[in-house]
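Next, two complexes with chain A in common: one pairs it with chain B, the other with chain C.
Now for the complex of A and B:
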């Protein structure tokens, strides 16, 4: 029985370590540990509630728009204006989130995931005439191959011409994701960490020139998604089709819903959203989502058991570094005491199960074209594919949203700061279900809790000893070459982990990760 | 012929990866230019270690750090993104191990900065502590400069703050090292920020400055007028945002109707609350009328 430890796991956001116990060539048990704690929830206590809007974006520089949206929804509800946001404000928030979302998914596939499948070093023998590819060939010939080498060696399967095209697209995708960020900045001032989204709406009013510019920029991104991104994901998926059978995971999916289509319904769980909230599983039966069923469990986390099983609105941080059996500083969010995966796969399949027409049509046509079943989506390639499909759905929805803007009309509503209140903000972030909860006392933040998508997906075992979604996805995986464990990193990266988002405190090295010593 | 290679190590400490994402938004040179081409004729930045970009993971990635510091002694640029957690011996941030021992981020910064050609503290967390060091600073986060001083490390360092920093500020700082060597004392301000980018306040170049001079103040977001009474930190914040603009020059913080929140200054996030007027006593001479 051997152990594979990967520390740090790169091409993700943040500091992650994975340990897999391998027995007979298969992962017998897997554990994931976050390695950085900043304590932003503690920093927020006692501050002006509005400052949470700015502070929580700094939870994550990759998905700050998601946090700013969750914080704004949270503060809207705490300030009792959730049903009063002007349509311009509601739509501009959707556009900022959507543009960043597109940029984020392109970044994930091309710059975080692709190097596990695409062989940049093979460009050394490139003989074509593309200036971009020849410049990479020159780069390789100079002999300093960072950051593309070292890497795992072996399983790069794309044919030479496909591989060359994929490298060219890796370069092109840098520009495309940047353009998505620029769209977000047009309404939000700057990226990362936009300034536009605020409690009450957004800071600026729409103008016709900005609307026209957004439409043309969006068109370029739509063309990239349709003609490059989606085809590339399908090509990689078909070349590595065994990855539709790897990384199944827990089989339960949860989505909070995102992109507000209705500004007059204060209750987020009832509000009409472009991607609806709900749960499903491999049976593809749809169930309604009830936010009161969320708990955070800490039996295997370094926190006092007294805070286990609480709803996030009552959440707390009471560290217990010496706790026996604990091996992570992530808590374990659970829904109805059951393990649930969140993310683009969850959003697509929840909406598929619910019969969302746009989602159902796109998923069915893609499955038909690739000869796959809906259940095949519960896999490494299914997650990558779901992310690309979601990108297309958002990009195709945005032109209408832009045209719904009313130039010159307000985008923000005034409010009075409450002395005592509480709030909740739920949004579908790029990586999945993101929730913010606030409690205000004497006009200040008494408690602020953030439960991020990666806390769900990368969570440790819970009070019933059920492993988290990533841990389950790793368990049982056959590792072909323990020195180059492609399978592990491909499974991990398909979840698009964001550790800065997830971590409350760090695992100090030398603690036991359960039975296995970390060293 | 004869491309000079400048090895670079980009260490991520207690941060959010926002500085890295901001660099990806750079226009000229493009990020592809930075990664593979000569960034200036005859000079190539060889980004050997960057956790978000690099192909390798685990032990082989850690070996890159160790090998670079040994083989390129005195010749590599160390870029630090994020503040350095120092509470309890630095256990709040741990990356891999060296010589069989777990390495805290603090230990990596100490080890790698000692033999670097220069250290760039990128972003407000690395430069001044930033968000994780905001009160009550739960992990006792410190800026790079304090780690260097505590260890008596004499390697020159440059602060390039911002939350996130503008990509031009970083690229310009690197380019100036490649073109004309390390900055002279006169090139940096009292907080070791390049004056080329941080030499003036937001207020001095703000397109809404005329409103301020005429005492026309916005009362709520979206109003015409100066945003000073909404909490704008422009008068006490040093950066060229109003002239440089952000994200391919599409906008900037005040450009979208928001306030400057002072993200390039020491104490960023403890000069709060962010939506209340900056105390007049905090205003510099040029801001007072």
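Now for the complex of A and C:
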């Protein structure tokens, strides 16, 4: 029996740590842990509620746009203006979030997931004339393998020509990522950490010039998604089709819903959204979502047991770093005291189960092409595929949204800061269900709680000792070679985990910067 | 000739955000011919930039000096440690700089580091680092303009 620990934490303080106990070639038990105390909630207290949009964005360098959206929805509800956001503001928020999600999903596939399946190192022997591929070859020949190593060896299956094409797309994806970010910046003022999304709407009004610039960028992104990204994901999925049988997970899926289609309904759980809220499971029966059923449990987290089982609106942060049996700084969010997975897979399958026509058509046609059943989506490759399908759905919906903008009309509404109020902001972030809750007293933040998608997916065992979604997805997995446990990293990466940004202080060689002193 | 100053760091962790504070201050000054970006904690923010002659990165750096100590070094002076990428958060400044070279559009990179004092939760710089801000800005401007820092500096 051996233990495999994957812990990038050794270098930076506080990231994701995975521990898998392997017995007889199989994962017998797995633990996923967040090794960073976040405590963001503690600095929110006593501040102006409007600071939430600015501050919470800084919790994450990968998904700040989703945090700004959740914070704005949260404040809209606390300020009692959730049914008064002008259409321009509502749509521009959708476009900023959509552009960020397209860019994010492309980045995740090409620059993180693809490296598990595409063999970049093979390009060292490339002899063709493609400038992109030669740039990779030169890069490797300089000995700068950078993010391509270390890696686990022994399972790169793509044929040379397919592999080369995928590497060329890897290079192309940088530019696509950039176009998505540019779109978000045009509406949000800047990227990363946009300034545009605010309670009441957005800070700028649409112009014809901006609409035209958005449309041509979007056209390029759509072409990339249709002709490059989606086909690449399908190729990888077909070549590694055994990964539709690996990493099944807890089998329960939860989506909060995202992209507002209705500006007049204040209640987020009733509002019409492009991806609807709900839950489903492997039976594919759709159930309505009820936000009051969310709790956060801490039996196995380094927090005092007295705060366990609370709804996030009543949540608290009472650290207890010496607690026995605890192994993570993440709490365990649960829905109806049951383990639920969140993310693009949840959004696709919840909407599939609910009969959302755009989702159903695309999922069915993709499954037919690959000869799979809907239940096969509950897997490593299903998660990667769902992310690509979602990207296409968002990219295809956005041109209409752009054309619905009305230049010259307002994009935000004024409001009065309440002395006492509470609010809730729920959105489908790139990585899954993201919730913000606020309580305002005497015009200041009395309590602010953030429950991120990765807290759901990477959560430790809960009060009933039920393992979290990633832990369940790892358990039972056959490991072909303990020295190269690529099954484990492929399962983990397909979840697109994202923990709070930790301290990225640069530490030079030998920790001695003495010779570099300026003054 | 494109010159870029990029401030990186987490604004929520006091001195860790010194790069962002410097970027904000430079945006107020608006130096001509220099683009300034607050990249925050966005791991791949540098990918948004193309065709740079001179890139000056400002970040907190633990170098063993006194709080507020300013360092000037280059990416190759930093030791690269091998790690397994599990999350996009595992991508750091060096990875980002390395990936930029695939496209070959970065000619000179200098990192201006500032020794932090406080890395705890909070939005404000420590007194020591806060007092050093004018000098840090001078050093960054001098770097980007290839001149010596102006005035007398007490170190």
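Assume the second predicted complex is superposed on the first by the 490 of 519 C-alpha atoms of A that agree within 3 Å, B and C clash if a C-alpha of one lies under 4 Å from a C-alpha of the other, contacts with A are read in each partner's own complex, and residues count from 1 in each chain.
The working rule: contacts are C-beta pairs under 8 Å (C-beta built on N, C-alpha and C of every residue); 3 or more make two chains touch, one makes a residue touch a chain.
Since this is a predicted model, take the numbers as computed values, not measurements.
Once the two complexes are laid over each other on the shared chain, residue contacts for A:50 go to chain B alone; chain C is not touched. In the superposed model, A:108 lies in contact with chain C only, and not with chain B. Of the two partner chains placed around the shared chain by superposition, chain B is the only one that A:188 touches, whereas chain C remains out of contact.
Legend: residue contacts after superposition of the two complexes on their common chain; A:497 is shown touching chain C, with no touch to chain B. Of the two partner chains placed by superposition, A:212 touches none, neither chain B nor chain C.
The partner that reaches more residues of chain A, of the two candidates chain B and chain C, is B.
Of the two partner chains placed by superposition, chain B and chain C are both touched by A:42. Judged by the touch definition given at the top, the superposed model places A:149 against both chain B and chain C. Of the two partner chains placed by superposition, only chain B is touched by A:412; chain C is not.
Of the two partner chains placed by superposition, A:318 touches none, neither chain B nor chain C.
Residues 6, 8, 10-12, 15, 39-40, 42-43, 55, 58-62, 64, 107, 111-112, 115, 135-136, 139, 144, 146-147, 149-151, 171, 174, 177-178, 181-182, 190-193, 489, 505-510, 518-519 of chain A contact both chain B in one complex and chain C in the other.
By the touch criterion given at the top, residues 5-15, 35-40, 42-43, 47-48, 50-51, 54-55, 58-62, 64, 107, 111-112, 115, 120, 132, 135-136, 138-139, 142, 144, 146-152, 171, 174-175, 177-178, 181-182, 184-196, 198, 200, 202-205, 410-412, 414, 489, 500, 505-510, 518-519 of chain A touch chain B in their complex.
Chain C makes touch with chain A in their complex at residues 8-13, 16, 38-45, 47-48, 50, 59-65, 69-73, 77-79, 81-95, 98-99, 101-104, 111-113, 115-116, 119, 121-123, 135, 139, 149, 153-155.
Of all residues in chain B, only 3, 5, 7, 12, 14-22, 24-25, 27, 30-32, 35-37, 44, 46-64, 85, 88, 91-97, 100, 102, 105, 130-132, 134-139, 141, 163-164, 220-222, 246-248, 250-259, 261, 263, 269, 272-276 touch chain A in the complex they form.
Listing the residues of chain A that touch chain C in their complex gives 6, 8, 10-12, 15-16, 18, 39-40, 42-43, 55, 57-62, 64, 107-108, 111-112, 115, 135-136, 139, 144, 146-147, 149-151, 171, 174, 177-178, 181-182, 190-193, 489, 492-493, 496-499, 501-514, 516-519.
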